[in-house]
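Starting off with a structure, shown below.
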Amino acid sequence: MSITTLVEYHDATDEVKTIYDDIMATRGSDWVNNFWKALASQPELLRRTWQGVKSVMSDGALDSLTKEMIYIAVSATNSCDYCTNSHTAAARSKGMTDDMFAEVMAVVGMANQTNSLANGFQVEVDEQFKNGGRG
Amino acid sequence: MSITTLVEYHDATDEVKTIYDDIMATRGSDWVNNFWKALASQPELLRRTWQGVKSVMSDGALDSLTKEMIYIAVSATNSCDYCTNSHTAAARSKGMTDDMFAEVMAVVGMANQTNSLANGFQVEVDEQFKNGGRG
Amino acid sequence: MSITTLVEYHDATDEVKTIYDDIMATRGSDWVNNFWKALASQPELLRRTWQGVKSVMSDGALDSLTKEMIYIAVSATNSCDYCTNSHTAAARSKGMTDDMFAEVMAVVGMANQTNSLANGFQVEVDEQFKNGGRG
Amino acid sequence: MSITTLVEYHDATDEVKTIYDDIMATRGSDWVNNFWKALASQPELLRRTWQGVKSVMSDGALDSLTKEMIYIAVSATNSCDYCTNSHTAAARSKGMTDDMFAEVMAVVGMANQTNSLANGFQVEVDEQFKNGGRG
Amino acid sequence: MSITTLVEYHDATDEVKTIYDDIMATRGSDWVNNFWKALASQPELLRRTWQGVKSVMSDGALDSLTKEMIYIAVSATNSCDYCTNSHTAAARSKGMTDDMFAEVMAVVGMANQTNSLANGFQVEVDEQFKNGGRG
Amino acid sequence: MSITTLVEYHDATDEVKTIYDDIMATRGSDWVNNFWKALASQPELLRRTWQGVKSVMSDGALDSLTKEMIYIAVSATNSCDYCTNSHTAAARSKGMTDDMFAEVMAVVGMANQTNSLANGFQVEVDEQFKNGGRG
């Protein structure tokens, strides 16, 4: 089901169980998804990745729903089935409607289209846009 | 400057001028950026792409700033320098602060990391996440 | 100018000179482009890559111009500036008009758009399309 | 079967039915594939995407079979299973033989190889190739 | 099971059988994997690709296990399920432990993260790093 | 020179200076490269990314030179100029010879080629390779 053994809760070390507990507590859920069970074969990778996701995806200057939609956009672009499904589920649980999802997809499609056009036409960045508009 | 001739306003056909006028009117600006000038060598491609961008990027179920940030996320993932710069400039003009940009980047980095991990570990989609959580 | 030393003709070993001669003879040109000069630091990589390109890009079931346009499509998708420029130049020298180039780009843009949409919507392959229509 | 509800013909609004009818008429087929059924949850996205595909993929400066082969090349590069299968089926229905398909793949493989080599060696674009040979 | 007919050993031409024999002899195995059976529909593509893989993946300045791990890294980045699975299997047969695999994945994840950050922030290459540190 | 202000040492907060000091101490160098200066506009992103890189890239089950070569492979695949140059410089400082670099590139090229072929031919994973050979 994955390239490494999925570490189930009852087989996990105390170190891993603590991380699993934090994942469930943070999400208010009673199960751990396969992604974390796959990483758990390497506890340090699990710990660091979870700390990163937990920190990055919480509300900040952007709310967490906006962040989930950005996550979906990257995942669809990279052809990552796992992340596309899991973050769409997460976004829906945080209030993403079907219309919002469709608009995310419309932007993703348009961005992928114009990215390849700009690269294909080798368009030079306008002075006004250099450094993202900082001049 | 690009792989095709950039069509300047004063050299453009009436058909292209009308599109340039709409681009400037829609954006409240007095210049047209290189991307459109490159597409203008093929008026039908210019017209269709502009209509798409205009329609997709306007306010809808998502506000246009959120859409610009999604656009940046895809462009950074695809290594498109032109689109990264131009859409960061656009997002800033619509109110994206440095903190918001940094959070977009943090999510983009995290998503690219976990996309490659999920693909590398060949993690199977959990039942709960299938079809984006629709079951 | 590149991450390795570019091997110029007059500095090349006989082995490399022979390959450079074949590149120029095959193309009817009197110079060797930087890509091959970069690979020449590793003669076996140069030899194998050139043999592959020479074999693949010659007329076959597809004519060489069609092949150059496919090469451009992949290079624009991968954001490879070097290959986009060099293969556009090659295609033009083989007769690609501006209209043909614009249509290549239109297809590339559309394909990148729908690729991300199909991945984002996680669309299941129709029975009729499985195995590319072989059933 | 997809992240959104697939909209079947008999459940579709009149607006969507009209587009479905146009898809089938254009293709001379009596069914609509899943990609369009997934987009139909957002009629505007369906309409705009179909208009784009219909316009771009018809005969022009390039014949529609050449366009389908370029579509396959991009889809294989992007790891889009849906589009790879559907456009290979389309290309076959338009006359692509096994030998032609194998040559498309040979070019795709070679382009992906040399794209990564040119990027990895950071090869500078030759003067002669700049702007795709326009100088 | 693939977009082309998989050519089984007993159905293969003598030319293809000779390549299959070389694949099995080189690997010390008694079967041929699907990738080669798919390419065999085009014997020249099969021959050239196998010669390339055989040459590139043998011990050289880098040992073959290191090469397999680099192969996994690229395959996970490109979302290629077939190559991720097959080269992980190959690396394991050459001695890659679970800890080594986990560290490959950790580097792959980190590289994909910082690639998108460097592209997103449009970071200019430091003088000291230009041309890969050659100055 | 980047989409955000590069934070120089003498302009940095104490928090950022401490991280810069750790970067230089870990690397035995007396300067900080632009990537970190760009991230420093968001100290938390800087801190977390540096901690990740420091942890992941140190010697472990794989030596740090092998890790740098894997990093190069991913960066070349993703068309990240900054990371390709910076990690090639790092690998060279750790002992990567020109022959080793050329072999990294040969593997990267071959992997990108066969990735696109496996995706294009839609090759099914062999039973023996499933789950990376774990069966």
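Things worth noting here:
By letter and in written order, the chains are A, B, C, D, E and F; residue numbering begins at 1 in each of them.
As a working rule, a residue touches a chain if its C-beta (ideal position, glycine included) is under 8 Å from a C-beta of that chain, and two chains touch if they have at least 3 such contacts.
Quick caveat, the model's predicted, so the values are computed rather than measured.
Any chain that touches chain C and also touches chain E is listed here: A, B, D, F.
Touching chain B and chain C at once are the following chains: A, D, E, F. Taking shared numbers over all numbers used, the chain D to chain E interface scores under half, which places it in the different class.
The contact pattern of C-E recurs in B-D, the pair among A-D, B-C or B-D where over half of the contact pairs coincide by residue number. Chain centres here are means of the Cα atoms, and by that rule the chain farthest away from chain C is A. Of all chains, the one whose Cα centroid sits at the greatest distance from that of chain F is D. The mean-CA centres of chain B and chain F are about 27 angstrom from one another, to the nearest whole unit.
Chain B and chain E have Cα centroids separated by 33 Å. As a whole-number value, the distance joining the C-alpha centres of chain E and chain F reads 19 Å.
For chain C, residues touching at least two other chains, in rising order: 1-4, 49, 52, 74-75, 77-81, 84-85, 88, 99, 101-106, 108-117, 119-122, 131-132. Because contacts link each chain to all the remaining chains, their graph is best described as complete. On chain A, the positions that touch chain B within their shared complex are 1-4, 31, 33-35, 38-39, 49, 52-53, 56-57, 60-62, 66-67, 69-71, 73-75, 77-78, 80-90, 92-93, 97, 99-104, 106-108, 110-126, 128-133. Interface of chain C with chain E (complex): residues 1-5, 44, 48, 51-52, 55, 131-132, 134. Contact residues on chain C toward chain A in their complex (touch as defined above): 72, 75-77, 79, 81, 84-85, 104-105, 108-117, 119-122.
Across the complex, chain C meets chain B through its residues 79, 84-85, 88, 98-99, 101-103, 105-106, 109, 116, 122. Per the touch definition, chain B reaches chain C in the complex via residues 3-4, 41-42, 45, 49, 74, 78-80, 131-132.
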